[in-house]
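Every chain is named by a letter (A, B, C, D and E) in the order it is written, and numbering of its residues begins at 1.
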Amino acid sequence: QNEQFIPALVYRTGPYAPNGIPFANGVADYWTLLNERDGGINGVKIVFEECETGYATDKGVECYERLKGKGPTGAAYFSPLSTGITFALTDKVPGDKIPLLTMGYGRSESRNGAVFPWNFIAVGSYWTAADVAIQHIAKELGGFDKLKGKKISLVYHDSPYGKEPIAALEARAKLNGFDFKAIPVTHPGVEQKSQWLAIRQDRPDYVLLWGWGVMNSTSIKEAAAVGFPREKVIGVWWSGAEPDVTPAGEQSAGYKALMLQHGPGKFAVHADLEKNVVSKGKAAAKEDFAQVLYNRGLINSMIGTEAIRTAMKKYGNKPMTGEQVRWGFENLNLTAARIKELGFEGMLQPLRFSCEDHQGADVARMQQWDGKAWKTISDYYKADDSILAPLVKENAAKYATEKKITARDCSKES
Amino acid sequence: MIAFGQFLEVLVSGLLAGVLYSLVALGFVLIFKASGVFNFAQGAMVLLAGLALVRSLDFMVAKGLPFWAAIVIALLFAAVVMAITAWMVERFVLGPLINQDGLTLFMSTIGVTFMIEGGAQMLFGSDVYPLRLFPSDAWFLFEGSFPGGILVSKIDVWGGLIAAVLVVGLALFFQKTKTGRALRAVADDHAAAQSVGISLNWIWFIVWLVAGLVALVAATVWGTKLGVQFSITFLALKALPVLIIGGFTSVPGAIVGGLIVGAGEKLAEAYLGPFIGGGIEYWFAYVLALVVLMARPQGLFGERIIERI
Amino acid sequence: MSSAAAPLASGISEKAVPEKSLLSVNNIEVIYNSVILVLKGVSLDVPAGGIVALLGANGAGKSTTLKAISNLLRAERGDVTKGKILFESNEVQNLSPNELVRRGCIQVMEGRHCFGHLTIEENLMTGAFTRTDGKAAVMRDLDLVYGYFPKLKQRRNSQAGYTSGGEQQMCAVGRALMSRPKMILLDEPSMGLAPQIVEEIFEIVKHLNEKEQVSFLLAEQNTNMALRYARYGYILENGRVVMDGDAKSLSENEDVKEFYLGISDGRRKSFREGKHYRRRKRWLA
Amino acid sequence: MFYRETGQFKTSYAADMQIFPIRQDRIALWVLLAVAFIGIPLLNAFHIWPFGNEYMLRAILIPFLILSLAAIGLNILTGYCGQLSLGSGAFMAIGAYSAYKFGTGVHIPFGLFDLSIPPLPMLPSILLGALMSAVVGILFGIPSLRIKGLYLAVATLAAQFFFDWVFIRVKWFTNYNSSGSVSAPDLNFFGFVVNAPIERYLLCLIFVAIFALLAKNLVRGNIGRQWMATRDMDIAAELMGIRPLYAKLSAFAISSFIMGVAGALWAFVYLGAWEPLAFSIDRSFQILFMVIIGGLGSILGSFLGAAFILVLPILLDQVPHALGVPISVETVSLLVFIVTGALICWLLIVEPRGFARLWSTGKEKLRLWPYPY
Amino acid sequence: MRAPDGPPVTAGDVLLSIDNVSLSFGGVKAVSGVSFDIRKGEIRAIIGPNGAGKTSMLNIINGFYHPQEGVITFKGEARARMRPHDAADGGIARTFQNVALFRGMTALDNIMAGRTLKMRRNMFWQMLRIGPALAEEVEHRHRVEEIIDFLKIQEIRRTPVSRLPYGLQKRVELGRALAMEPELLLLDEPMAGMNIEEKEDMSRFILDVNDHYGTTIALIEHDMGVVMDLSDRVVVLDHGIKIADGTPNEVKSNQAVIDAYLGVAH
């Protein structure tokens, strides 16, 4: 069979469904596009199957076990879109030899490909995000020196996901001399009155928001209720999509969020999608077409399929095994030209993985919700590696000792 | 003065937040008091009511109806949906389970929860749907005395008013009417209630209907606060400590419990949280409930647990 | 009310088959949990205005029979698998219990079953749940019940769960009276009551029967009392009716005397004289 | 016809007090154990359906065994001792995190002297972890002396939410990992590292078999009768000399010990890496469902309930796919919700006492067969 | 109002004495200023109209209710307050007016549960159920089987008690109390809801327990026939007050008793 099987862990029901649905749609539609337009990847048809996780780790593991062996060569890669599932699978994928594509989420230290050969935290980690957010604040204030003595609070989802950025922010706080305060919100985040009252009294200069699902819109509403200026609230890229702002209505106007490089809106690839997928009635998307999370789903699929394509260059145009796809990821080089060719120009900067670097890029932009639409308001910031690299190194080393992993020597790999 | 202003602000917002929990807790109380069933499905019913309301409202507005007319029709539609639910629950689940013990009935309401959650999302979608029925900005009171004033959310005040009206109405209903008495009888002993000619089927339909309508009211308030979406079902967990503190069987208890829980958890989060790490609201409410129970095992206003031999 | 379908059994037996039966049970079979067969064909008749006693040892199936009639069986996972039950000549085995109460047939369950959290007075008032004849009439009957059981009046505001066993029993009987029934199924009304009160309860039964034309089917262990007040009796053993007859002939039957009245050789035996675990002689079923 | 106890005479009370007094039952049990311990490894070794891949072991049998164990734990508390608890998740979490700490080395600076325990081997880690769970279980069991029924159930939620919070907030438990998520150390049992799915399966099976037997012994012994007496009528039990303090707290201790073991296995063997959400309130409810659906007060029921609650949704999820019906995952998972809910209700209507009772009624019928009663 | 104690009917010391005991619930005076004693080896009946405080009296004796006033002396030891299981430890067992069996257990387990206090093996041994633990279990099973034989309930050993008819439940309950090998057995209306034949059986059991084991029995019963025939001495309560105390015959002809309780002379 000339079929490449790719599993999709999704959550289209449950508390995080409003955010899970557009992402899953984007993921699926891009694969459909490849099949419809190109007949797959280099003639190998993509077959995919969704499995509902409901954002629950144990369901995610079950889905993983169910799908990992499907298709002629097994699953090409997994993308769980959940930090919890990512953590659980990180331990399993080396045994099953399947790469894990966690674009913009998951373990920040898994950027270190020597210790995490199977994890690809493509495009950006939470530490990237945290660093870029501070850079943007500095720019708004007029320079890094202005950060000194300022107060920045982090309102976060009380889970590994929400806690990831704290390390990077603390490092930044030490460096730039601002007061940093972390304020947890219990899952799922429907009640945040006391947190925002504290903010009202504390009057921080900025609030960073690390929420997911209902927590985001609730935060924005509470910010509005306590009169905290929305312009001073900066969300991570998982807090910067349409479902996060629409429930709060006009109260969201002014709210800012990071972009995982891309925003909403139609680009070249969307024209292809409309022509080959939407018009044929094969689209999963409905009104979420070209929304933020939908576009992110597209990019997620694109990076995955490009990795497969890269692998095929080495192993031939046939279905790839997980191990081969891993090689493909590690040697993936998405140049600006290639990105343009794929129709993603404007959504993504060049991206290049290597043995040491499983993140491939560390730039991000800022967008702002004007009450009706997201508007890009900044140019690309590059995360400061002098701060993040030691963090990655330290944490990866810790993981390696804990798990008794001997790190690969990347200098020896071709 | 600032400190006192802050304290007052946290207290007031806590009290009001608590009353909003009470709105959900009331639904539990109703069904427990009237049938001895701990209705796990109350959170799901709020979701269902909210979805039915917001989806039909959106539909009607899209059709070009004036907003007020759309609201009236949508409320009616949601009420009908709740009535149908009540009827089905009675007919297919509780009816056949007459005379079973509390745990079995509790478990069956969990089955009902699954069905409602699945059905509601299948019929009305699992996205987030904004609802705007109440103003969601705030008043700032006593700005003269406290810098920045005391913040009071308007929607919380609305919620509080509605809850108060509901409580008075329901309390009168239970204590003063023949049906109210019958409901309490059913809660004590199904078989005996049947033997004196109380129709359990009818009673259960009525009480689930009323609980459904209370859920609809809760959905209007909470839907405005959160947007109508699956997470609304988690309110049930916030309502539980309210329920225990007030006592499962007391309608006014639901309000008092709400006030205590709301004020307690917000004050704890504000004044204790910073020292031990924050995010303590959830368990604090439950620990508060535990402490109250140690003093009064049936909650503050619950009926005495009869221990005789 | 249709009196058209008169029982056709007239003349089949010498026993005084009442010409107008209010309740008739025809050969019913009851199974619990779909495995335990308890009633194996029980038939009985209660004439309008009659008092009929249902006697039998523990576990013979008296309560089961009553519950089958009042349709409370289903709630205990029991089922009437065969036979018919007619009340006022209408089949009732598929009615809901409350419909039956509405039609005038109410059961006083064995083991009290008061509503523990309701006060005595509220308990009594629930008995009037199905009535539609106005508050005044209900209040009159409440006074009547208090008249029968002054002890209840004393305790009217106590929660029933905290009253003594006997008080609860009175409450249960009083509650049934509140529905103004045509027929009462009384399950062990005398259990746990002081002799004086037992006497009173049976007097009340008699009074209601004579003055208000209420019919009774009593399941009773106190055979002595039951046969004194009933006109007709059935004896149930092991889920079957083994003997029936009018009260007088039953109480003169030697076996009944021995086993149910504790009289042998013409005198009451002392309980001290009980032989060691007599093997019971049983009627052939 | 063939299921009869007639002709099987017991000559001693010891024989009469076996777990399965009827010979046919005993044979069935041995067959089952043989299948579990020998048959499945064999099938797996030769990749015979349904063990063609690891899915059956990893995604179904292992979680099934572990959750059955947890259900046994809760069944002791709720089914046998009548103390309704919604805190199972917390006790599993305590087992998991304590075992993790013991497995990776405990270090508590006490000022004057430091308490330092070097990393312990797996077995003692798990057992000590479970012991911690038992201790906390006793602590949170104390309110049960005063609080009853549903009130107690909701009070146990205090434990649930408190420990959810503790394991998120207290970094010590997660060895100061920045994200607060931890991953299990090697499953090293006396030098043998358990790794392959079949080894993991056997490990769980051994734990489950042993604890199920111990639990069964307890519940049919004196302490078990004390628990049941307390459950059925606590006042009368006390009047007969059963100390509620001892009966209830021992139930809490044993139950949380077993749940602690289950928690450690869940974390170490099934998940590998976990965060507190793995032991959230949802887990508590899941286990409670298992116990109620399986049958309160029945060890066998714990297994049946676990199978139903865990496996049914997984199977339902795959039905449309297997049949080739094109339905979106969203619809499927909502349908799974609805069908699971409906089946729960249906089952309760058929038999409110759960599978265990259904099972024994079935046996009763079999004994009477071919007569209906 | 205190009736003079009759001449000693049964030889024996005072096992239990109640001295001026009062108990009230809120406004309800369940027992007020009652004194009487129970002698070793006798059958002592407590009678009185409904709500007179008989059950409350038993509840006081075995520590379930704590009287506001008065002293209870059991086996020479005065005590004001004790926990129910201490009473059980001391050798007081009872049956209940509304059958209080452990409904989810079989008859056998119910009676075995009565042996709890006599069983010594700790949880660890029970868990393993080998050696001494098994031996203990078997030994107690023997004792319980004796009781089962004695009460003639062999057939229902393995039946869950909730399925038993009322009369048999009462018998199992008696068995459970007997399993405790009590010195003082409190029976609260053991024959309510039984027919004559069953009452005769039950009477036989009570007498046998009294004869064979020398167990002292306090008996509440509304059937005057039973009371008259079985008991050695009778105490009569009304409205929480003792109105008579004496031999059955004395009590039977006491006018106060007739007025308050019997209605007609028996």
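Descriptive notes on the structure:
One rule holds for everything that comes next: a residue touches a chain if its C-beta (ideal position, glycine included) is under 8 Å from a C-beta of that chain, and two chains touch if they have at least 3 such contacts.
If you're wondering where the values come from, they're calculated on a predicted model, not measured in any experiment.
Under the contact definition stated at the top, the chains bordering both chain A and chain C are B, D. The chain with its Cα centre farthest from the Cα centre of chain E is A.
Chain pairs C-E and B-C differ in how many C-beta pairs are in contact, and the one with more is C-E. Set against the C-alpha centre of chain D, every other chain centre is closer than that of C. One inter-chain figure worth recording: chain C and chain D are separated by 48 Å, centre to centre, where each centre is the mean of the chain's CA atoms. With centres defined as mean CA coordinates, chain D is found 32 Å away from chain B. Rounded to a whole number, the gap between the C-alpha centres of chain A and chain B is 37 angstrom. Centre-to-centre, using mean CA coordinates, chain A is 74 Å away from chain E.
Looking at chain C, residues 36, 162 sit in touch with two or more other chains.
Residue positions 165, 168-169, 235-236, 239, 330, 334, 337 of chain D each touch two or more of the other chains. The set of chain A residues that touch two or more partner chains comprises 12-13, 21, 158, 184, 186.
Chain pairs that touch one another are A-B, A-D, B-C, B-D, B-E, C-D, C-E, D-E. Partner chain E is touched in their complex by these residues of chain D: 12-14, 16-17, 214, 217-218, 221-226, 228-229, 231-233, 235-243, 250, 254, 297. Remark: chain A residues 12-15, 17-18, 21, 158, 182-186, 188-191, 193-195, 197-198, 200-201, 213-214, 217-218, 221, 224-227, 243, 246-249, 251 touch chain B in the complex.
Within the complex formed with chain D, the chain A residues making contact are 10, 12-13, 21, 49-52, 54, 56-58, 61-62, 65-66, 69, 83-84, 87-88, 90-92, 95, 107-108, 158-161, 163-164, 166-167, 184, 186-187, 284, 395, 398-399, 402-404. By the touch criterion given at the top, residues 38, 92-93, 96-97, 100-104, 106-108, 110-119, 121-122, 126, 237, 240-241, 243-244, 248, 276-280, 282-283, 286-287, 289-290, 293-294, 297-299, 305, 307, 309 of chain B touch chain D in their complex. In the complex of the two chains, the chain E residues touching chain C come out as 25, 28, 48-52, 55, 97-98, 152, 163-168, 189, 192-201, 203-204, 207, 222-226, 229-230, 261-264, 266.
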